[in-house]
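In the two complexes that follow, chain A is the common piece, with chain B as its partner first and chain C second.
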Partner chain A sequence: MLTYTLLAGLLFGLYFSLVGLGLNLIFGVMRIVNLAHGDFVMLGAFLAFWLFNLFALNPIPSLVVAAALFLLAGLPLYYLVVPRLLRARDPEMLSFILFFGFSQVIEALAAIAFGTSERSIPGGALARAVAAGAAFLGVAYTPGPIALFGQSFPIAWAASGITGTLAVLLVWAYLYRTRIGALTRAVMVSREEAISTGIDVHRVSAIAFGVGLALAAVAGVLAPFMLGSITPAMGVDVTITSFAVIVIGSLGNPLGTVLGGLVYGVSYMFMQSYYSSWANLLPYLLLIAVLLLRPAGLLGRQVRRA
Partner chain B sequence: MPRLLRHTLLILLPLVAALALAPALYGNHLLLFNVIVFLTLAQGINIIYGFTGYLPFGYVGFFGAGAYGFALAVMHLHALPLVALAAGGLAALLLGVLLTPLLRLSGAYFSIANLAAALAVLQIVSNPALESVTKGPYGISLSGVFDPALAYGVALAILAATTFLVIWLRHSRFGMALQAIREDAISAAMAGIDVVRGRVVAWLLAALVAGLTGSVYAWYISVFYPETVFGGEITIFAIVFALFGGTATILGPILGVVILYGIYNAIGISAPQYFQLIYGLLIMGLVLFLPNGLASLLRRRGIDVP
Partner chain C sequence: MIRQTLLAALSSLALVAPAAAADAPAEIKLGTLYASAGRYASISMPVHDGLKLWLAQKNAEGGVFVKAFNKKIPLKLVAYDDQSNTGTAATLYNQLITQDKVDILVADSGSVLTSVAVPIARENKMLLIDQTGTGAAFFSPDNPYIALMADPVSTIWPKPLADFLTEDGPKLGIKKVAMIYSTNDFTGTQANTVRKLIKNSTSGVELVYDQGVPTETSNYTVLLNNIRAANPDAVVHLGYAPNDIAFLRNLADSGVRFKFLFCIYPGLETELLEKNVGAAGLNGVFTYVPSSEIAYRSEFGMNLEQFKAAWSKAYGDGKVEFGFNSVAGYTTGLVLEKALAQTESLDQLALRRAIFALSGRLKTIDGNFELDPQGAQIGEITPLGQFVAEGSGVRLVTVWPHDVATGKPIYPAP
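Up next is the complex of A and B:
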């Protein structure tokens, strides 16, 4: 039971890192709070649902489609909203309200377009996709739950854990191994200095914004398997969970998200196993506790006292 | 203090008189009552956000705490409504004291932590494990003390007191000190203002206002569920109303409620998705094009807004 809970917590933790990663990237680069983050996750989930139902597309190729679509959608969205916002007197606070409005718009449009009933994708779809992937890579795989340290887990958990890990590695490579990543990190450290050294801050930020949305969409594609059935109204809870994850890790430091995700995932699983009726309280209490006791997050350096 | 007297006579008295006479002229008493509730809550937001710059995204937590404080006093102590009202105010005040450490956080961190706190209180109150105390998710019925006419009068008295508080803040040394802290806390401290005391007092006043409003709301409707009195849209409405009119003014929140709540009821709530869509767009437009509210339009033309 203990090993099972711990391992399940780590797998969920890797997935939760993926859920929070995009939000943290956007906050780190632009210092704006994307309160609509959970709604982009929801849109990713619906995209996977429709791709599966209309074109019988498996969730794993859907990951790529969703990432590409949301990356492309993020660029115009950035230029439409963010530059104007950053000129305001208190962009951080106003972004909070603006993106709240945006999340309402997305939720309303989704409810009008898809209806408010709960949807889900059969778990078998993901298992078949994994089997096909394993055959393609030449790895031996027998369909069914996956065995790990003598415990068996649903295949979706493992697939989500792997996707989360891959996403974190890709973001690391983007930030630390490419030229645009180096520019992005420069903007994260100091926006003013980046402008004065001639970096095209808006281009860098727009790409980071797109990547952030793409990460949200990827998390969304896996959401039907990890978070239960999907509805247009699920965004708010996802946003709060993401905030808990990135605040525990470190706000503004995308890679700190992983630590936050793991801590969150493991504590969530322990609450589920041993104290299930109070498990929903956990994200809120963890969030408040970390903000008060260690405001910069477990990995952060900068202090943010009023 | 002639300006204090003038604004009391020219703004507060007509407002209270109009709302006192309205039930005789207009049939939808619930609507009028809701107008009073939102006028009070918007002024409460004005006290904490307008004068100190802290945006409480979990403001509804105090409203709900007040409603449940009232309900528990009536159910378990069989208190008279007016005594229970004090219990509701006290419950919100205690929650405010408990959350005082959040004031150490700045900007969005404060808002997120406050939102998490409100959701945590909702999770506790609506937990089925506490059914014997709070009736859990099954809701509360207070038909024994149902007295809408008296509750309406008490709500109006609370609104009058709150509005007077804002008028006083607008013209008093203390209100000026709060605005100085909002603009630049360090300079304010250098000028001899007790920053911590100022913020805590404003925070607790805002909590008390919301708590009393929640109590009288519980009394007026007398049957409600946890989601009714902890609904996130209550916070959002109050914030949007206050921002739309213009914060740190007396008239701003009043104009915001009258205009926007008027539109809200004109649209009707028969199609919640379309309503949500329009509201979301309104919030976005507000932030992008009118971040300082209606009052800023008049100020730009040299007209002073009280």
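Up next is the complex of A and C:
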């Protein structure tokens, strides 16, 4: 039971690293809090749902479609909203209000468009996609649960863990192995200095914003398998958990999200196993504990500038 | 003397009758809440739509007959969206009473969103028309301001389940039962009842796993592994529809099989559950057999077939599924209609008397309407059923009590 709980926590945590990654990237680059993050996750989930139901498109290719669409949608959305926001006296605080409004609008429109009931994608769809991928790579896999260290897990957990890991590696590569990534890090250190050195901060930020939304969409595609079902109202809970994850790791440090996600996932699973009634208090308890004991987050070096 | 008395009586009647007609309100304000979003949307919207269906029918007929005014009066629905939030719901219930001054206060669906209405209604001396809030704690001898319309009180729900486990269970080989439940009034009360009935039985059946989880739980994979480790012969899961969806999906994805599995909502909201977990995910699952599955002989209002047809016509877009809760909302309307046709006035306690007078005398699409002295619904029953495969779908077979059973339980479940 202990091993299973620990492994489940790590896999669950990797998924929540993915969920929080986009939120932290956007905050790190633009110092704005996207309170509609969970709603973008929800939109990604419904995109996958409709792609599956209308075109029988499997969740694995849907990951690519959703990432591409949200990346492209993020660019004009950035130019529409963020530059104006950043001209405000307190953009960080104003972003709370603005994106809260966005969240409400997105949820309301989604409820009108999709209805309020729970929706899902059959678990077998993901298993079949993984089986096809495994066959392509020459790896033996029969659709169904997968064995990890002698423990049996739903394939969705493994797929989410792998996707989360890949997403983290891609974000790392983007930040540390590309020119645009170097420019992005420069903006993250100081937006003013980046402007003074001639960096096109809006272009850099727009791409980061698009990548942030793409990561949210990817997490959304996997949400029907990791969160039971999807509804237009799921965004708020996802945003709260994401916020806890990135504060635990380090606000503004996208890679700190990985640690935050893992701490959250493992703690949550242990709470579920041993104090199940209290499990949902965990994000808030961790948030309070981190803010009191290590305000910069577990990977933070100093208290961030407000 | 006799002539004078008769004249006086006639004069007063002549004065009273026109006064009553003149005093009749232009409309009867029926105030309610619904949740268009959030955790309880899938149980709230069907109830709300069922109530609206009744209301639209009555208004199309010129209103509802009110005995106190001896005429039909149109109904006006004042409805607010609480978004499944109890804090918002509390504010809106107060608003309905103090600002909108509704004549009839109808609670949102489910125990969680009803729980905040109970003290507010009582404090304001408004009769709470409780649609589906079944928590046993809502009903007490010192609170006359509540009546449960369309669901049996939670202490009654699991009795057939517990009786089956303790009476037929041992014969089938069920000795060890695992129970997992969401910690809210609706399922918490049911868990207490199951626990009590199993512990008090002399069947030798024992609870080997008994855990509460937050109602917001959306992933049960680790919990399923823990339940499996307890090696139970039967598993009882008590949760709301989203809990059941997550539980059944996680069960299918994890490859875990239980010989007996009970969930609440596969029977109550079959259409919704089938959309989410598929017919294969429901096959073999035990559940309650609600009024949306049993064609009760309705003596007032539409029967099940007529109601289904009316529902499909009104809500054919499929965004809100037909099920037990849609029947519940319609039943609320029927009880109100019958009570208004008998009430002496729109005074809250007069309305209460009219509703209580229907107890044991009203048979609707939802079965027998019967209240205990505290206002808890005790007339409806929730037999135990099991889904069995039929073609590419599933069919619900009643397996307990024996006198209403339409088939035998399959144990171990396929």
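Note that in this section the second predicted complex is superposed on the first by the 303 of 306 C-alpha atoms of A that agree within 3 Å, B and C clash if a C-alpha of one lies under 4 Å from a C-alpha of the other, contacts with A are read in each partner's own complex, and residues count from 1 in each chain.
Convention: contacts are C-beta pairs under 8 Å (C-beta built on N, C-alpha and C of every residue); 3 or more make two chains touch, one makes a residue touch a chain.
Because the structure is predicted, anything quoted here is derived from the model rather than measured.
With chain A as the common reference for superposition, the partners chain B and chain C occupy clashing space.
In the overlay built on the shared chain, the residue A:V171 is in contact with neither chain B nor chain C. Contacts of A:L21 after superposition: neither chain B nor chain C is touched. Once chain A of one complex is fitted onto chain A of the other, the partner contacts of A:L255 are absent, as it touches neither chain B nor chain C.
When both complexes are overlaid on chain A, the residue A:F12 reaches chain C alone and has no touch with chain B.
When the two complexes are overlaid on their common chain A, residue A:L215 makes contact with neither chain B nor chain C.
Contacts of A:L51 after superposition on the shared chain: neither chain B nor chain C is touched.
By the document's definition of touching, of the two partners only chain B reaches A:V247; chain C does not.
After overlaying the two complexes on the shared chain, residue contacts for A:S273 are found with chain C alone; chain B is out of touch. In the superposed model, A:P122 makes contact with chain C only, not with chain B. With the complexes overlaid on chain A C-alpha atoms, the stretch of chain C that clashes with chain B is 115-123, out of 43-51, 61-69, 115-123 or 205-213. According to the touch criterion, the shared surface of chain A, contacted by chain B in one complex and chain C in the other, consists of residues 107-108, 111, 277-278, 280. Interface of chain A with chain B (complex): residues 33, 81, 84-85, 88-90, 92-98, 100-109, 111-112, 236, 240, 243-244, 247, 251, 277-278, 280-281, 283-285, 287-288, 291-292, 295, 304-306. On the side of chain B, the complex with chain A involves touching residues 55, 57, 101-113, 115-117, 119-120, 123-124, 127-129, 185, 232, 236, 239, 243, 273-277, 279-284, 286-288, 291. Those residues of chain A that touch chain C in the complex are listed here as 1, 4-5, 8, 12, 107-108, 111, 114-120, 122-123, 127, 144-145, 152-157, 225-229, 231-233, 237, 269, 272-273, 276-280. Those residues of chain C that touch chain A in the complex are listed here as 35-39, 41-42, 45, 83-84, 183, 211-214, 216-223, 225-226, 229, 241-243, 245-247, 249-250, 252-255, 272, 275-278, 317-321.
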